[in-house]
Each structure stands twice: as C-alpha cells, then as structure tokens.
Amino acid sequence: MNSEQLLASIQAKFPELQAIPKVQGQVRGDELYLAVPPEKLTELCRFLRFDPPLAFDFLSFVTSVDWKDRFEVVYYLVSTLHKHKLVLKVNLSDRANPEVPSVTEIWAAADWQEREIFDLMGIRFGGHYNLRRILLPEDWEGYPLRKDYVPKPDRYD
Amino acid sequence: MNSTTVPKTAAEVFPQKPPEKGMFISLGPQHPSTHGVLRVAITVDGENVTSAQPDIGYLHRATEKLAEKRTYPQIIVLTDRLDYLAAMTNNWSFCLAVEKMLGVQIPERAEYIRIIVGELQRIASHCVFLGTYGIDIGAFTPFLVAFGRERERILDLFEEICGARLTYNYIRIGGVMADTPVGWEKKVRDFVKEMWGHITEYDTLLTYNPIFMDRTKNIGTMTPEMAIAWGVTGPNLRATGFRADVRKDDPYGLYSKMKFDIPIGKQGDCWERYWVRISEMRESLKMIEQCLDMIQPGEWMAKLPKVYRVPVGEGYGHLEAPRGDLGFYIVSDGSPSPYRMHIRAPSFINLQALQQLIVGWKVADVIAILGSVDIVLGEVDR
Amino acid sequence: MSHLPSLVFYAMSAALILTAIGVVTMRSVFYSAVSLVAALTVVAGLFLLYGADFLGAAQVLVYIGGIMIIMLFVVMLSQRPHDSMERQTNDQWFRALCLALVIGISLVRGFRIFINQMVSTVVPVPTSASLGRLLLGDMLLPFETVSLILLAALVGAVLFGQDKKS
Amino acid sequence: MFELGPALSHLFQVMRSFATSHGVSPVLAILISKIIQTNIIILLVSLVPMLLVYAERKVSAFMQARLGPMNVGPWGIFQTLADGIKLMFKEDVVPSGADWWVHFMAPVVAVAPVFVCYAPVPFGQGLTPVDLNTGVLFILSVSGISTIGILLGGWGSGNKYSMLGGLRAAAQLVSFEIPRVLSVVPVLMWYGSMSLRTIALAQQGRWFNIIPKWFIFYPVIGQVAFIVFLISSVAETNRTPFDIPEAESELVAGFHTEFGGMKFALFFLAEYAYVFLASAMATALFLGGGDGFLLPNGIIPSWIWFLLKTFAIVFLFLWFRWTYPRLRVDRLMQFCWKFLMPWSFVNIALAGALVLVRMR
C-alpha cells in the first residue's frame, strides 16, 4: 500500500485523523505521517497492528522530541508482511504532566524504549507495567533530554 | 509468517511482581560473560530461570544529548563510540540520514568503498562474536584465532585507509574521508581469498564441534512472532527463519546492485544465531569480491560547501549493521547542529527480548543464550 | 628405632581420638564432617601401618573419595546459619553417657582377653590377592548376598527418592 | 647408555657405607638416604608443574597463532619461575566472609596427596621410589583426598560462585572416579598385579618381533580401557572440556575464585602435578612404562623413554584443552554414567573372558 491508500484505509476507521502535510522547504521521508491525539492512540495502534490489510507488526522505534512548548512522541511502524511504513506523531501540550498511553500491550518492543523516553524526556506512559528509570540512576533529578534541562554540577565540575 | 497471531506482550511475559519463590542471582556487573558492564538479575526456581531482568545504563554517555551541541560532521566521532566493534556501519548510518536530508549525490567510488569497509566491518564484528562466544562456551582457541588473527588483518586494512583501528571516523557526510591508498584493493583481495579458508577453519574448530552443538542446539529458541514483537533485528531475527535484511528490504548505497543471499535459520536457537553470522561472513566476502571487480577510479567525496546547513525537517536513515537494524532519526531546525537525534540501537532493542528469551531455561544455558544475542554495551547504553 | 612403629601407632591413635571427639563436639556441621574425614584418613593410616595395604587404600577410596565427599556435598547444600547456636546435647545425654561407658568398658575388657590370640594371627603379607581369593572362594555366598542387598538398597533409595510428580 | 636407576642406587649404597664406616648407625643411614630420596621426589613434583605450565603456555600459543611468553629468558623459559616468585610475594588476601581456617587448609589439603601419589610410579629401570603392592589402587585412592581440598576451598571462601564450583567439583570428581577405577581393572586382571612396576615390566616383549606387547595394543580391551582412562583422567584433573568446576565464563573461577598468591599457586601446582601423574600412570599401565620401541634396547635409557611417553600424553591433555568447548553439567554426568560406565563394564567382562581363554 502506498501512502494514500494507507491514509484511506485508516480514515475509513478513524475519520477524524489527519495526515501531517509536508511543509514547503522542509525535508522529510516518503512515509505517511499521521497526527494522533493521545486518547486515540491505543485504539488506533490496536487497529494498525491487528487489521490484516495493515498489519503493522514491527515497531521500529519510539522516540520523543521536546519542542519547548510541547512534547512530540514519534512512533515508526513497519509492516514486515506488506513492507509499508507509517510514522505516528502524538503531540502533548501539557508540559507539566505529559502522559501517553503505553503500547507495550501491542508491541513488546516498546517496553524499554518507553522506559528510555520516561527516563530521559520525562514523558509518562500510562499502563506501562514497569515504568522506571533505565539508563540513569534511580535517584537522578530531572530529565536530561529536555531543552530546559540544567545539569546539576557534580563533584567533577 | 502469520502476522495476525497475537504476540506475547511485555506485560504478559514479565508480570508486575517478580516471583517470590526461588533464589536470586545477580549476574554481573562484574562477570566474565556479560561482555562489558551489564547486570542480569535472575531468579531461579531450582535450576530453571523464572525471571530475568537486564539492568543497563552503566555505560551511558548521553550521546543523544551531546549530539545537540555539536555540528553534524562532529557527531560522526560520537557514533564511533556506540557500537565500538562496528564503528564503520555507525558512521555510515548517521551519514545516510544526513545525506537523505541534504539530498547529496554520493560518488560511485565512495559507495563502493563504503560497501567494502562496511562488509569488512561486519566480518570483523562477527569475528569478535565468534571468539567471545567460544569463550562463553569454554573454547579458548577460536577467540585468539578469530579475534587475534583475522580481525587484526581487517583492522590493519582499516588503519591503512583512515589511520585508526577502532574509532574510524572514515565515512563522512557526502562520501568517505580519503581515497584508498595505492595497493589497498589488492590487499583486500588477498585477505578475502584467505578468509574463505579461515571460515572453513572456524567450521571445523567450533561450528560443527559436537560439544559446541550440544551446548547450543535447541537452546534459547525464539519464534519469528516473538522476535518481531520484541523488535529484534539482524542475525537474531534471521535465525528464527524470518527473511529480513535492510540491505534487501530497503536497499541503501549500491546494495541493490549486489548479488548475495540472506542466510536464515529454522528455529532460532543459539546455534542458528551463531551459524547465521558465520554464513553472513561468507556473503560479505562475496559482496567485497563483487565490489572489487566493479570499483572504478574517481571521486570519493561529493562537492559540499565547507560550511553547510541541513534544511529544516527530519530524516531517518537506517542500515543493516552487524547487530541489526541501526537507524538515526534526526530532527533539524536549520541550525548547524541537529535539534534532536535519536539512535535506533539494535543491541538495545535486541537485549530487551532477553527478558523472555532466558525464562524457562536452565541456569547453565543462560550464558549460552546471553552470548548468542551478541550485544555491545556501548550501543545498549549509548 | 624399633619403637618407631609403636610410636607412630600411638601418635595416630591420639589423632584418631582427637578427630573423633571433634566429630561429635564441633558445632558446625561442616567442621564435624571435615573432622570425620580426618578421622577416616587416620584409620586408613593405621591399616597401612599393619600391612593391610588393600584395606587402607580401599578405606581412602571408598570413604574419603566417595562417601565423605557426598556427605560434604549434602552439608554444603543444606548449610544453616544457626549451626553455631544449637546445643550439642539433648535431654538424653546422661543415659547416652552411661551406655557409652558400658560399651567402652566391655570393649576394653574384651580386648584384654583376646589380645594375645589376635596379635599372633596378624600376618604382615600383601593382603589383596588373598583377600580376593577369600571373597570369591570360601566367602562367595556371603559376598554375593551382601552385594544383592546393597543393590536392593540402591534401587529402593532411588524409588523412594523419586519425585512423586514424575 | 646411561641408566639412572642403578647409578642412583649405587650412589646411595656408597653414601651409606661411607656413613656407617664413619660411625653412623646403619638404621640412621638408611633413614637419611630415604629422606634424601623423598626430597628428590618432592623436588620433582614441584618442578614438573613449572615445566608443564611453560609447556601449556607454549603449546597453546602455537595452537593459537601466537608466540606465548618470550621475554623472561631465551624463549621465555624462566617465565614460570618469575611467576612463581611473583606469587610468593603476593599479599595473602582472605575475604571477610570467608572461614579463615578452612580457607587456609583448602590448598594444603589439595596439594598434600600429590606428593604421596608419586611414590609407586616406576620412572624407569630401578627408579621406582616405593614399589607398593597396591600401587595403582594407592594412587587412585589417595588422589581422591584432593577433592576434599577443593570442597573446603569452595565452602571456606564464603562466595556463591566458589560454593557452586565446589559443589560441581564434588559431583564431577566422585562420578568420574568410578569409570577411572573400572578402566584400570582389565589391566590388573590381565597382569594379576596392582604394582605399577610389575605391570610396566610385564609389558616388555614383542609380537612378531615388531609390535610391542603394551596393553594398549591388546585388541579391543586395551584401546577401550586406555580411552576411558584418558577421558576420566581429564575429568579428574578438572581440565577442559570437563572444567565445569572452574568454568570461567559461568563461575568466574569456581572454587579458587577467592584464592590468591601462594594459595592459588598450590591449587595450580596440584592440578599440573595430577596431570603429570595421570600421564605417568597411563604410561606405566598402557604404554609399557620404560620399554622402548623401534630402536634396539639400551640405546635410549628407560627413564627417558618413560618421560617421553608421559609427555606425549601430557601433550594430549593440552591438546584437548585448547581445542574443545566446555560440556554442560548435566551432559557431563550423562556422559559419565551412560557412556563411560557401561563401556568399562563391558570391557571388564571382555577382559575376564580373555583371561579365562589364556588360562586354558
């Protein structure tokens, strides 16, 4: 399926979802970019994963971007069967308490990647079974990948 | 593969509470078989492992944060230090993402050189795997043969083209750092010729050794469904019988011109994970030979301005690194350094499957399974 | 110089008694087991001293090389941290002491009576060949019976030790 | 040529007569000569491991495309000596969780039996230190005491890995002792003696004037017994592919994880002394001891023949170690109980039949 067909088959189920249009002068991949509100994420992912014509069974990576006024969680999905790709983007405008539902129930691969985002970006994943810091020590203060992170001087500074 | 089958989710595999019954063993962070500073917290009931929780982060260097403060060419240095056993493919993967965003055309000679060094790097990396896996199983000689003889030869070749033996910084945005020295291609050809014999030697020494097969056959089996659900890529995924390789599925560079097979296993046990890597070394040799036949003199670097700005937007470049699907996701705001860089590290994602992979096996098999997944902690912790 | 064998004998006997006392008085099970190993080694030495070389070697091979290692194995598997807290005696210590005294006195008296005849029958010749002839000649029936009983015990132990589930 | 045995005994006789002629009592003279002889053995037992460690390093190096020690002395021959001196000067560290007394006794108990075990080995014509009637049984039984030392080390270190190593060692050594003893039984049955010297001497002679009458050349029984003996000896000495008690990749270093300096050196010494002892036993039992072959008698003295054969078998030990991976614990036990044991029983039955045929 190409991007238009993908969009059509997703919009057949979720008519309110819109593709992110490509802005003139910006570079971007050929994949279909889809903006998803956080409350729709679980439902959409379940559909994407288990709907046979879509069958996005491979979650390549999950990451997050701090846009200063909002957080953006990026899901890169691949179907190993149909070889099509899809990028989901979830915008979180609540900077103080960003939270998205966890997709570990659908893709086990999200397990550590969500923990890593929680660890470094401070985004909570609701329903994650083991949401702890993974790379940093348990008692670390702050989330280093945020743009407003100020490192605390340690004994080496 | 039937993609509609429900995979085991993480929550199913690893319930909220660790089991109360059984003994707790902390494997690492200082242990001969964890290949770096990894700690695996294992609970065992008798001889059977009931839960395994890898504990990582001992080598975390915040590469993604550092990248936000450096210019693009300066980041290549950082990528060397991720998977330090395969720095060439790390360089390449990062450059791939940036080149995609810049839209530069890479000279043909540079593409061939990239394939040659990339595949040499794959062989070198698998040599390290072979050696260390041999040590995990108790055979010492393969290590010194594969690590100390063949890998050294490859490092010598790399040293000639870039001056470094571990952190190369050779593949640059737009091409490669320098052309190959005079006579280098001949040396590579000689090495490839020799290497065919050496791989046969590994087969007699380790691959088909009855004790080795006894230790690794039918141990730590992984189904394709499970591997896909956990996001496992690379030789670990192919060993399950699933034919997936970025070089074929999403060809980059000149891989579409290359003739090679993707070796796959049947049941994804430790021995097949090992065997897939050995077979991959042969395929790499084939590709190097093809490249050496096709390579022509010419430019090795695209025409790029001294100072360039990556346009606003985002790009994702990924390739088949020795340990799996290595990707760089770059978000640019038009400034000289990336706004955000994310690394899809195959070791990191493969390692999380260990939580399910080890469970149910005997304690003695843990080492065999851990070694066969082949992780590099520099890439896991980044 | 002719006193050398008896000197060695007394030294060994003293060591044997000391280690045997150690077996029953040590608080840690592991220490008891180790003193038992020492005691059995000394017994083997006593056998060797009187020319029973086969018996001595068999003593070491079977008791130390086999049984004691298994016992230490079990002790190591079931080591308890409260060993040092436990009392070494129980309520019956007085009765046990009486019994031990009775047996000790009768042993000493018995040896006093038979000692002369026993010493004269000791033949310091290689014993292994004659032992073999004895076992497979005159003593064949008892030997085979004992081995049969041991086999039965072995099978029984396996049967009882088997997991109910499997 | 130069036979060491008669020369030595002559030397001791001269010394004794010299001493007695100068007023020393004959008993004391004999005692002193015995003490000197014992010390020679102890010296030998201490020197052999040094030689073997050097051999191991060099052999493994050549198998692994490298050179091994090269700096201390020509071709690095003094490397082991230097290491020994280094180990002597190392601090003796006892972990705080360890049982000091047990930790101290472990290497002593492990190494002490080795010296005794060399007593009945016939190193050549007239070079048997003590010709015990039960020599074979003596060696097999006394070497079992070393296992106690390993167990003490495993328990006394107060370390989980040491403990596991000790447990594994106990299970393995007890199991492999049985096929080892059983594999020797056909030899004892055939020659009707348990003295290593008698057995070695009985293997002199030739079939058709070519094939030596060594036990290994007896059809079927000889080869089976030799192979079973060799395999179980490798297992008894804790060497790869049976080195699970000290499996580096699993148990760090097994029972000697917490030992350093001289204590570690003693464990090491015991291991190599046992390797040499097992090879010497195999030489005496299966390869005709000091009996030469191909060359006419007397050109090369028997003790050199004996050492040559022993080192050939030592080389086999090294070869195994640097070629094979390690077995898994359960497979190891299966191999012992389901393969070695039945075959050695079959072999005993076969040997019994052959003995009966010979008696006819």
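As written, the chains take the letters A, B, C and D, and residue 1 is the first residue of each chain.
We adopt the following convention: a contact is a pair of C-beta atoms (placed from the backbone, for glycine too) under 8 Å apart; a residue touches a chain by one contact, two chains touch by 3 or more.
Because the structure is predicted, anything quoted here is derived from the model rather than measured.
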Contact-connected components, chain B excluded, all else fixed in place: A | C, D
Chain at maximum distance from chain B, centres defined as averaged CA atoms: C
Euclidean distance of C-alpha centroids - chain A vs chain C, Å: 73
Intercentroid distance (Cα basis), chain D paired with chain A, Å: 65
Interchain centroid distance [CA atoms averaged], chain B/chain D, Å: 46
Approximate Å spacing (C-alpha centroids) for the pair chain C, chain D: 28
Topology of the chain contact graph, where touching chains are joined (line, ring, star, complete, other): line
Interchain contacts (touch definition) - all pairs: A-B, B-D, C-D
Touching residues (chain side chain A, partner chain B) in the complex: 25-29, 50, 52, 55, 57-61, 63, 65-66, 74, 76, 79-81, 83, 104-113, 116, 120, 129-130, 133-137, 144-145
In the complex, chain C residues that touch chain D: 1, 30, 34, 37, 41, 53-54, 57-61, 64-66, 68-70, 72-73, 76-77, 79, 126, 128
Touching residues (chain side chain B, partner chain D) in the complex: 25, 31-33, 134-141, 144-145, 148-149, 205-206, 209, 211-212, 214-215, 362, 364-365, 367, 371
Touching residues on chain B, where the partner in the complex is chain A: 1, 3-4, 6-11, 13-16, 56-57, 60, 62, 64-65, 100-101, 103, 228-231, 242, 244, 249, 310-316, 318, 325, 327, 329, 331-332, 339-340, 342, 344, 348-349, 351-353, 355-356, 381-382
Residue ranges of chain D in contact with chain C within the complex: 27-28, 102, 132-134, 137-138, 140-142, 144-145, 147-148, 151-152, 154-155, 163, 166-167, 170-171, 173-174, 177, 181, 194
